[in-house]
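Common to both upcoming complexes is subunit A, partnered first by subunit B, then by subunit C.
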Partner chain A sequence: MTASASFLHMRGRVLEAIAANPAVGPSSPEMRARMLDPAGDCSLEELGFDSLALMEFCIFFETEYGIAVTSGEIEGRPSINALARWLADTAA
Partner chain B sequence: MSRLADQLMACRTAAELYRLLIKVECDDVPAEIAAALRADYPLPADVRSWLGKMRTMMFSQADAVQPYWRRRISANVALYSTREAQEPRDLLIAFCGLSDRLQAPLPVILQHIDGARFDVLVLRDPTKRIYLRGVPGYGDDAALVAESIRRDMDLRRYRSVRAFGTSGGGWVAFTVGALLGAERAISLSGMPPTATFRLSQAWGALGYSLDEQEADFAVFERIFNAIPDRSTPLLAIYGGAFEQDRLGAEGFEKLVGATGIGFEGVDSHNLLARIMRRNLLRSFFDRYFLGDLDRIVPPPGQRMVPMECLEEPLQPVPTP
Partner chain C sequence: MDSSLLATFRHSCAAQAARPALIDAQGALDFAGLGAQAARLAAWLHGQGLRPGEVAGITLSDERRHLLVSLALLRLGCPQVTLASHEPAAQRLALAERCRVAAVIGEPDAAAAAPVIVPDFEAAASLSGPSDDGLPVPDDDASAVLFTGSGTTGTFKVIPLTHRQVVLQARSRAVASGTGIEYIPSPVEFLYPKKHRLRSAITGYTSLLLAAEHSALPGICRRYGVDFLRLSPAQAQSLIDIAGNDGARLPEGIAVYVGGSRIPGPLRAAFQARQVPSLHVEYGATETGNIAVAAPDMHARYPDGVGRPLPGVRLEIVDDDGRPLPPDVEGLIRIRTPGMARGYLDDEALTARMFPGGWFQSGDRGALTEDGVLVFGGRADDMMILNSINIFPAEIEKVAETYPGVIDCAAFPLRSSVHGDIPMLAVVGAEGCDLKGLISYCRERLGVRAPRKVIGLAELPRNPQGKVVRRELSARAAQGEFR
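Entry: the complex of A and B
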């Protein structure tokens, strides 16, 4: 898989993890469009992430994809694209 | 010794650990966190970091630990009270939002509410149906939830009742508060279910889990408007620069005459997190749970208040 394809693959998984969490998500159509567009980006804070949402995200990733991530690692990559890029690099 | 630290040490996977921490954030009392902070265990770095954040959120003002204990009333209802409770006491009825907590970890919230004065009844709807079908196992709609509270809590022994709900719990706090003749009811970052429905149609999913064809989004207006005495003051508090919650507060103003109070410049649904960052949580609760309405409600025609208002000392209303 190319770096770009790997990034898009992980971005899709990040979006799935966000969609699975009822407490976070876009709060306007503009934010939703930005979130879905790989050329755009969205910070986890503006999506409403708090400590609990971060932990839910980690559980989802480990149980659904077998990828163990910690909330501390996510906090260091606080946007959808930064997180997807880091996950793609880690998996390479 | 710390029961929580023992449990944390026993976790085998990250997912197991996080499930436990989520349960603690949604359910536990401040004393459990304080004991884990004192325990000298070789906890994983992630847990130490989590405990450090809890310490910052809970004990930055060097207060004594609020000695709440928990009594389970039913699967989704728990009463938090202190063993050395003074009489008479006040009852705070709190409805959690979609994440099953009050916009912040419950031990943090409890640490900032005076346990010498309040019993705190915490209710949640883990089905993510924003209470449109009540509290599972406790009452199938808001009116039945109020009846169950009346049955279980012996309200006559309380000096006052106040209701509080965050996000999806806001409307039900208004309804149950009014049904029980509460001293006041507060919605934090909430909106009427009909507004939630309209927004979800226009903006996309808002997180709740409902069959929109079958759900009764008008249940709030229906139950609220049938209450004979609707004198409970209703405060709809929200982040002033967060469009979704501004619309929610306006909906409450129009439907049930609530007073909207927007915090200037706060562009987030999670208003309490912003207040917590400024170390003003105790002041927020004192002001809006106990403060004189004439002093905490903006003048007619205004709705915005600056965050700095929480830095001003405010005398609580004299108790009746």
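Entry: the complex of A and C
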């Protein structure tokens, strides 16, 4: 996969992990559009992430994709694109 | 010397009067203030009709308020049980009923199982507020706290501790005598932080009550001069991950305690190398209080060691028939501590099984080395530990079995280096059984103890005796078969 394909791939996974958690998500149509648009971005904070949601996010990545990530690693990349970029780099 | 809980707390409040008892975003509350506010709140609650001996539920996520209410209830002599805001309402109701809760102290909530008392903290804080002088002093053997946990049979267990047991557990905690600031960066409505915050308040330690991201923990520890930092294994792992970032190292001189499940040797080594060497690994149970602690210099020699038993703790390793085993032979761990519980609320069968002959035998396995170090061996049963939360498969299966179309099911762990055990559920479903809906069904009823993934199978792996082989399901999950 090229770098950008791999980024988009991981971005899709991040969106799936967000969709799987009913406690977090976009709070307006504008935010939803920005979340779905790879040229846009959305911070985890505005999506409503707290420590429990971070833990669920990590668990989802491990159960669904076999990728072990920790809350600490996610906190350092606190937006959808930052996370997707890091996951793409790590997987490469 | 009067060593009752109330006397011990009052002694701490007098001896440490000007030292902070609680520090949160609002600022510090000193011990004199904490003692006075808790006493006035006790009198205020009595004025609301709450009587000594009546069980009170607490549904308060605010740290300071929760602790004030908790201490007030101890003063008043009302056994307390946390009905956590993060738990599903149905679970809070069931727990309130089990514990015969007479009133819930918390914010107004339509789903409460009992009358709600919304505490008036201003009355409690005001100097002209009510006084507790006229309130009787609770008996040492009166019930003080009902702690709750996951039970082997699928229903949660309720662990009643008396005033005497709470204070004995508080005193025997593996913290050097003296004073200091303790920081447990987890919410008070969870069992582990709640019991430690109570112990700290009673024995005169300062509790730092700040919610923070992992990356902020080292800075907070430095700014407030934290002496004792208590972490879950997942939090410890996160601090290892961020250790290379600017300002992400814990300060020298802090003592870090990690407990709650088996702490793997590689995690200990990485923490000591990348964060600070002063890592202690604790072993304990709500039923007994702290049992043992492994000092920082022990991990290299005993990567699975949890230390030598604390003073006052009797610990034996026995075989399945209760016969003591020689050193270095693994068996069942059984324990006696001065402040141990005597059993579970309304559950004689479980009490008989877990407290045989006056010992506490949790199902943990281990061995004692020649020089008296306890080496943790794992569990005799199928209990899972997700971060610091104990989950028995039966608890999940009982809920899943009530879902339409579930014919057979088995909960099992996906072993995770980060979280410990991630609960999963294998289901044999009738045609048309909606497995997706089953996840949210469990989530609504089990909260954080729900399975994170549901897998449909044609049949469950069973041994010749018909018992489900969870180990095989875990092995298949580890191979990635269920992703």
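A few points about this structure:
We take it that the second predicted complex is superposed on the first by the 92 of 92 C-alpha atoms of A that agree within 3 Å, B and C clash if a C-alpha of one lies under 4 Å from a C-alpha of the other, contacts with A are read in each partner's own complex, and residues count from 1 in each chain.
As a working rule, contacts are C-beta pairs under 8 Å (C-beta built on N, C-alpha and C of every residue); 3 or more make two chains touch, one makes a residue touch a chain.
From a predicted model like this one, the values you see are computed outputs, not experimental measurements.
Legend: residue contacts after superposition of the two complexes on their common chain; A:G48 is shown touching subunit B, with no touch to subunit C. Looking at the shared chain after the overlay, A:E62 reaches both subunit B and subunit C.
Once the two complexes are overlaid on the shared chain, A:P29 sits against subunit B while remaining clear of subunit C. In the superposed model, A:G76 lies in contact with subunit C only, and not with subunit B. Between subunit B and subunit C, it is B that contacts the larger number of residues in subunit A.
When both complexes are aligned on chain A by C-alpha atoms, subunit A residues 22, 51-52, 55-56, 58-59, 62-63, 68-72 touch subunit B in the first and subunit C in the second.
Residue ranges on subunit B touching subunit A, taken from their complex, read 13-15, 18-19, 21-22, 25-26, 45-46, 49-50, 53, 97-99, 101, 103-105, 128, 202-209, 242-244, 268-270, 273. The residues of subunit C lying in touch with subunit A in their complex are 86, 211, 213-215, 234-235, 237-242, 245, 387, 414, 416-419, 422, 424, 440, 443, 448, 452-453, 480, 482-483. Every residue of subunit A that touches subunit C in the complex is listed here, in rising order: 22, 51-52, 55-56, 58-60, 62-66, 68-73, 75-76.
Chain contact summary for the complex, subunit A toward subunit B: residues 22-29, 32, 45-46, 48, 50-53, 55-56, 58-59, 62-63, 68-72.
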